[in-house]
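What follows are several structures.
One chain, chain A, appears in both complexes that follow, with chain B as partner in the first and chain C in the second.
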Partner chain A sequence: MKVGDTYILAKTDLPMFFAAIGHEMRLIAPRAFFGGDVIFDIVESPKEIVWNYGHDIYPPKRFLLPHYEDMFRYTTGDDVRIEPLPAPPKQAIVGIRSCDVSAIRFQERFFGDQIDDPYYRARSENTVLFSIVCNKPPKRECFCICCDSGPYLESGFDVQLTDLGDRYLYEIGSEKGEQATQLGAFMLKPAEPKDTAERKRIELQADSLFQTVAYMAKAIMFVSEDQVPAQVWEELGSTCFRCGACTNLCPVCTCFTVEDRPEPNGCFTRCRSWDSCQFSGFTREASGHNPRPTFGTRVQRRFYHKASYQYILRDGRHGCVGCGRCVSACLTKLDLPSVVKRIRRAMHKYLQPQPASPNSS
Partner chain B sequence: MVDKPTICGFCSCGCALYVEPAGSRVAALCPSTNHPVSTGRLCFKGWNAIPGLMGADRLRAPLIRKGESLESVSWDEALSYAASNLKRIISTSGSNSVGVIGSGKLTNEECYSLVKFARQVIGTPNIDGTSRFYDASMVPALLETIGLAASQVDLDSVARAGSMLVVGANVMEQLAHVGSRIQDAVEFGCKVVAADPRVSRIAPQASLFLHPIPGADLIWLRALLKTIIDNGLYVETATEIAGFNDLRDSLKDVSVKQLVGECGVDAEEVRQAAEILSNNPPVVVMFGLGVLQQAGASDLVKALANVAMLLGGSVMPLRGQNNAQGACDMGLATEYLPGCVPISDEQARQRWESVWNCKLTETPGMNAAEMIRACASGDIKALMVFGDNLVLSAPNSESAVAALEKLEFLVVSELYLTETAQIANLVLPACSFLEKDGTFTNIERRVQRVRKIFEPIGDSKSDLAIISLISRLLGFELSDDPETVTREISLNIPQYSEVSYLSLESDWGKPWPIDGVKAAMCPVESILQAEDPDYPLRLISSRIHYHQQTGTICARTSILAREYPESFAEMNEREAEKRGLKAGRHVTISSKFGSLTRMLILSDAVPEGCVHVPHFFGGDSSNMLASQECDSKSKTPVYKAIAVKVEAAK
Partner chain C sequence: MVLTASRPANMWGVTIGAGDRLYLPQIAIIEDIIDETPDTKTFKLRFEDEEFAKAFKWEPGQFVELTVFGAGEAPIGFASSPLEKSFFELTVVNRGKVTGAMHLLPKGAKVGIRGPLGNCWPLEQIKGMDVLVISGGCGLAPLRPAILYILANRNDYGEFWLLYGARTPADRDFKYDLAEWAKRDDFHVLETVDVGDESWTGNVGVVTTLLPHVKINPANAVALTCGPPIMIKFTTIELMKMGFSEDRVVTSLERYMKCGVGKCGHCCINHVYICTEGPVFTYADMKKLPELGL
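Let's look at the complex of A and B:
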């Protein structure tokens, strides 16, 4: 058993397989909530996993970069003590989609490359991803196909599963994936050429089923070359509801704020929680100066971070994986596909030569 | 993550959200995707302010005033202290010297129990909700016109509207889900006519934006009514509605030109508005606190309801507190019994007398604003406040504090040691909506299930439990079990007859039914406020984005509180120049009743002749400029269009 091997896992064995994994680590998977809602959460038994889920609003990034995370506790005064918190648990994220895997790889690079973030690293080292290929886009809002992050992965996965009807194609993509596979290896059979051929057919079919398109190449060009008139950004910003959902729910967004929280017993907990570049307080400097003073400039900042060459060079890819969560979470239409579309249209309007006024010679 | 969602308690949209608890802290939260309101989306409050409910400085034990300080005591001591003081005051000064003020932030069950507590246990008619300070003026006016003190439509109908009239509402900032539905509607061709003295954030959606001078809404609305009637722009069935002829006749002898006068909106704009609305059915008429806190608010609401009825449209009042609708339905207003039936209705009174086994007075008691004034005059000796920071919500903090300090006994049930709790004799630690069960009724009349996510922090208790414990010491059994109270509500309030915990286990909750209501049109007269040369400017008050109610929770949410490091007032550049005022400097804004100092910012969004003073965090609120006196007709305080002057700060 090694990286690159492909196997077959019968659907009837699936609960037993993940039960074996679950003996060694906690299982995180899409789980059914009230009224048809599905959210990635801890599952007690693999039977709870909803394999065929549509929309999951809350990205599994929160198991690596928690929405609200305690970092450590400390006491002040004569006896200053810093109390580290227990190491994060070992976990398998099961049923995660290609877009979210790509986003986690992005975040691992971000939190590990320049300044090592020990909190993120500890969680990511303890996490193995069992991702699933989307045979068809699970929801209308998906556009991973435009972002090179799905509906299946060529690389970057730990274990990738493809639904072949009565069985899954099981691909091992990393050493972490290989180690985790050992726990249930006795249930796997080697894949045959017809299985990989079937997988190929599904890939080709899935590619053609996307309804949402995002002109990523256009976006990268417009934004990197700073071609978008400020007025367009301000028009976009004027409709923003300033909720911060776009950055909260973006599986790629990494920004957080840090706060020391007093506890009733006199000690403090240092916490970090998701923050958003869409808030004015996010960029305001101590002097009071704000480099992003208007809503338009803050929307611009967000898209700069998603699509500018500068960040692509640093982060290895553009900052959008096409999961479509910004589409469904935005109270207005400031999701990536709509904004790129609106920029394109607006640029036609602004960049067309103005008709000469009758008074000019 | 807890398996079932609860309902957000910040605004009246009522989103369903999931919360993951970690001890007494929020570890994660997200909206429900399938819920008809949240649809996978939350606003800045839902996303950011929820953890602010579980802050480290939450009240954990009851506090009794001993001299200058408040000291922690046990619940037993607190309750017997409350009971003995109430008994003493009732026996020496009578039940009518006790006032009870609740809030539209409590659950339906708590509101209902509080009303029952006041009327049955204490025996006082002085029971009211703090929606008196926000939107209570709509209740009698809507009952008289559309026959319903609630919205006629749900949010889906807003998204499908053909045109809308939105008056005096900062809807994009304060009720994001309504704002979002307006944007959806506009995308499908809906035409929005907005009216606000200031250019608000609905501007990009508006086909026509009217800017009446503050306080002059009734003037242009009458002109709009006349234009619709004279040009035959009303729907055919409108003439069958009672009062149509009276309304037409009341506008017969004046011209539109005479009507509009100098109100800031001209006859041509009124004509355009009338045409846009009549050419694009279905029409939804919405109005917010800009209307409801004005002088003559009830006439304004009637005028707006008339517009909706003439055009065959619907009315959606934009209410402030999250459960304002439920509180009103539960009878948390001194003029009404549960079900929003006037207390003067003898049959209804007799029925409730038999349900509660007590005697009810025929006339209303004092409302919240009147109670505060009666504290000053000594007519109210004991006041019990549940879930509201009166010092900041009531008009004019300074005189409110002075009045409350005269009380013999002030009990405040709160999450945090608010400005009001600080001057109380007894502070009871209440728990937030994350720590209790019950129901809330949203802006669409949708009755939804609030679910307990956390155990109450420290020794805090739900208001329902607190009411029950105090009642017991006064010799009455009021249930502390929310489900039992829900059952009592559904048995006795016809609108809620289908509501049960069981039905809310398989359903998100439905708007309560509105069949069989009778509508009537109602003529209204307009009066222009007299100018006062000493106070030549009009106040435009609003709430800054990220701020909610009195700011108790938002100010404790660092991401929201950091957005505006300094409070400010806004003025038009020409107006500032005329008065020799400079941007970036501090100015003092004063009315006859109070004053406050703010940094001045220049803004094109504010018309000349006005100053815009938003509410800020930490109690810095334009309420300071208001008077305790109520508008004579609507019996609600006036916060809008107050005459003020602005001078450079000394």
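Let's look at the complex of A and C:
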């Protein structure tokens, strides 16, 4: 059993297999909530896992970068003591989609780059991902195929499962995945050539079924060269409700704010929580000066971070994995595919030669 | 584990390594408090942990994340001489939640320090050159370590000028230093205020009005500037007119900041994190950031 091996896991063995995994670590998986919403959450038993879920709106990134994460606790007064918090638990995220795996790999790289973030590292070291191939795009809004992050992964996964009808093709992609596989190894059978051939057919079929297109190359060109006139950004920004859904639902977004929260016993906890570059308070300084004072500058900021060549050089890839959540969530079409389309149209308008005015002679 | 800052071959960068203690502050004690202006105080700090204090090394231009326990964390630049090993000073303007809480602290109170962070003024690289320091308001604080360092190694540098502008005579920071520096004949200090009062006999006007008095050869000089954005903009324009090249005008920038280590995303200007790649930039580097609008 080693990295790169492929196996077959019968669907009837699935609950037992993940029960074996769940014995060693907590299981995070898509789970049905009251009303039928399927959201990634801690599951007590693998029977609760919803395998054929559509696409959860709330990305599983919060198990690596929690919405509120306690950093340390301290006492105040004469005797100030700083108490670090215990290490995070071991966990397996089961049923995660390829786009979200790509997003987590992006975040791991970002948080480990230059200066290592100890909290993210501790969580990502304790997390193993069992990702699942999308046999067809789970939602109309999906455009991972434009972002090199799905519907299946060539690399970067720990364990990847492909639904082949009555069985799953089980691929090991990392040492972490290999170690986790040992827990249920007796249920796996080596894959046969017909299984890998079937997998190939599913890949080709999935690739052909996408309906949403994001012209990433155009997006990168527009924002990297800073050629989009400010009024285009202001036009786009004028519709923003500043709800922050785009950044909070984005599996790639990493920005956080830090606050000291009082505890009932007189202690304080320093915790970090998600923040959004779409809020005016994101850059506002204590003096009142705000370097990004308008909606347009903030929308520009978001797309600059997502798609500029300058950030691609820093982060190794562009900051969009095509999960389509911003497409579903944004009420005013400030999502990546729409904005690129709207910028293309607007550029066309602004770049046309102005007709000479009759009075100019 | 100690946060260390070293200057790599790259002129403006600094590497930091802190491991698991990256976000945990070290406790420091307020040894003394100096009232600078009605809204500014300078805090003299010493680390509680003597081992840490010995290993703590920083360069002029760097900053720390200052924790006021119970209030939060804010980035503050070093303001003391880098040659002082037993203590360091932070000059804090009372503006927001953390700085407001800091101003209420008495002598002997404990605060948290995380750092040193960021890069530094290029004091080694500019040896042998004339130095023109231009600052406005509390912008003198991050430049004070550089000034004190240059004065301590005065023979390594050429002509040395300071232009300092404040809003009113009462808003002048480091009045004791300014009085001391004015006595030196190897350091030319020119001051101005926006609005004078009956006791003020010096210049009145913005800091750029002092530039024509400066006798310096721009071909072999460097300008170190820090102040409000509007001041930076107009001094840079004037310096360009005087013949300074773009890489010889060096500025310390400021942004709202949380983590100080390039993770929280608040201080980004385009793709550059002010906390790790700055806060010190040359005008040539700043021009590559369209968001600054230069």
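The criterion applied here is as follows: the second predicted complex is superposed on the first by the 355 of 361 C-alpha atoms of A that agree within 3 Å, B and C clash if a C-alpha of one lies under 4 Å from a C-alpha of the other, contacts with A are read in each partner's own complex, and residues count from 1 in each chain.
The criterion applied here is as follows: a residue touches a chain if its C-beta (ideal position, glycine included) is under 8 Å from a C-beta of that chain, and two chains touch if they have at least 3 such contacts.
For clarity, every value in this text was computed on a predicted model and none was experimentally measured.
*Asks:* Will chain C clash with chain B on chain A after the two structures are superposed, or do they fit?
*Replies:* With chain A aligned, chain B clears chain C, so fit.
*Asks:* May I ask you to decide whether A:T332 touches chain B, chain C, both, or neither, giving the answer as first, second, both or neither?
*Replies:* Touch partner of A:T332: chain B, not chain C.
*Asks:* According to the stated criteria, A:D116 is in contact with first (chain B), second (chain C), both, or neither; which is it?
*Replies:* It touches chain C, and chain B stays clear.
*Asks:* Thinking of the overlay built on chain A, is A:R26 touched by chain B (first), by chain C (second), by both, or by neither?
*Replies:* So A:R26 meets neither chain B nor chain C here.
*Asks:* A:R342 contacts which: chain B (first), chain C (second), both, neither?
*Replies:* neither
*Asks:* Looking at the overlay, what does A:D275 touch: chain B (first), chain C (second), both, or neither?
*Replies:* both
*Asks:* Looking at the overlay, does A:R140 come into contact with chain B only (first), chain C only (second), both, or neither?
*Replies:* After superposition on chain A, A:R140 lies in contact with neither partner.
*Asks:* Of the partners chain B and chain C, which touch A:K218 in the superposed model: first, second, both, neither?
*Replies:* Neither partner.
*Asks:* One more residue to check, A:T257. First (chain B), second (chain C), both or neither?
*Replies:* both
*Asks:* Which partner chains sit in contact with A:V80 here, chain B, chain C, both or neither? Use first/second/both/neither.
*Replies:* second
*Asks:* Draw lines from the C-alpha centre of chain A to the C-alpha centres of chain B and chain C: what angle do they form, to the nearest 10°?
*Replies:* 80
*Asks:* Once both structures are overlaid on their shared chain, how near does any Cα of chain B get to a Cα of chain C? Whole angstrom is fine.
*Replies:* 9
*Asks:* State which residues of chain A lie in both footprints, the one left by chain B and the one left by chain C.
*Replies:* 257, 259, 262, 275, 284
*Asks:* Can you check the complex and tell me which residues of chain C touch chain A?
*Replies:* 15-25, 27, 69-74, 95-97, 99, 110, 112, 229, 254-256, 258-259, 261-266, 268-271, 276, 290-291
*Asks:* Going by the contact rule set out above, which residues of chain A touch chain B in the complex?
*Replies:* Touching chain B from chain A are residues 33-39, 41, 55, 57-58, 62, 66-68, 235, 238-239, 241-245, 248-249, 257, 259, 261-264, 273, 275-276, 279-281, 284, 288, 328-333.
*Asks:* Would you mind writing out the residues of chain B in touch with chain A in their complex?
*Replies:* 1, 3-5, 16, 18, 22, 25-35, 39-44, 46-48, 51, 56-57, 60, 172, 176-177, 179-180, 183, 187, 201, 203-204, 458, 508, 545-546, 558-559, 562-563, 565
*Asks:* Can you tell me which positions in chain A touch chain C when the two form their complex?
*Replies:* 71-72, 74, 76, 78, 80, 82, 84, 110-111, 113-119, 226, 254-260, 262, 268, 270, 272, 275, 277, 282-287, 289, 291-292, 297, 301, 304-305, 308, 310-311, 313-314
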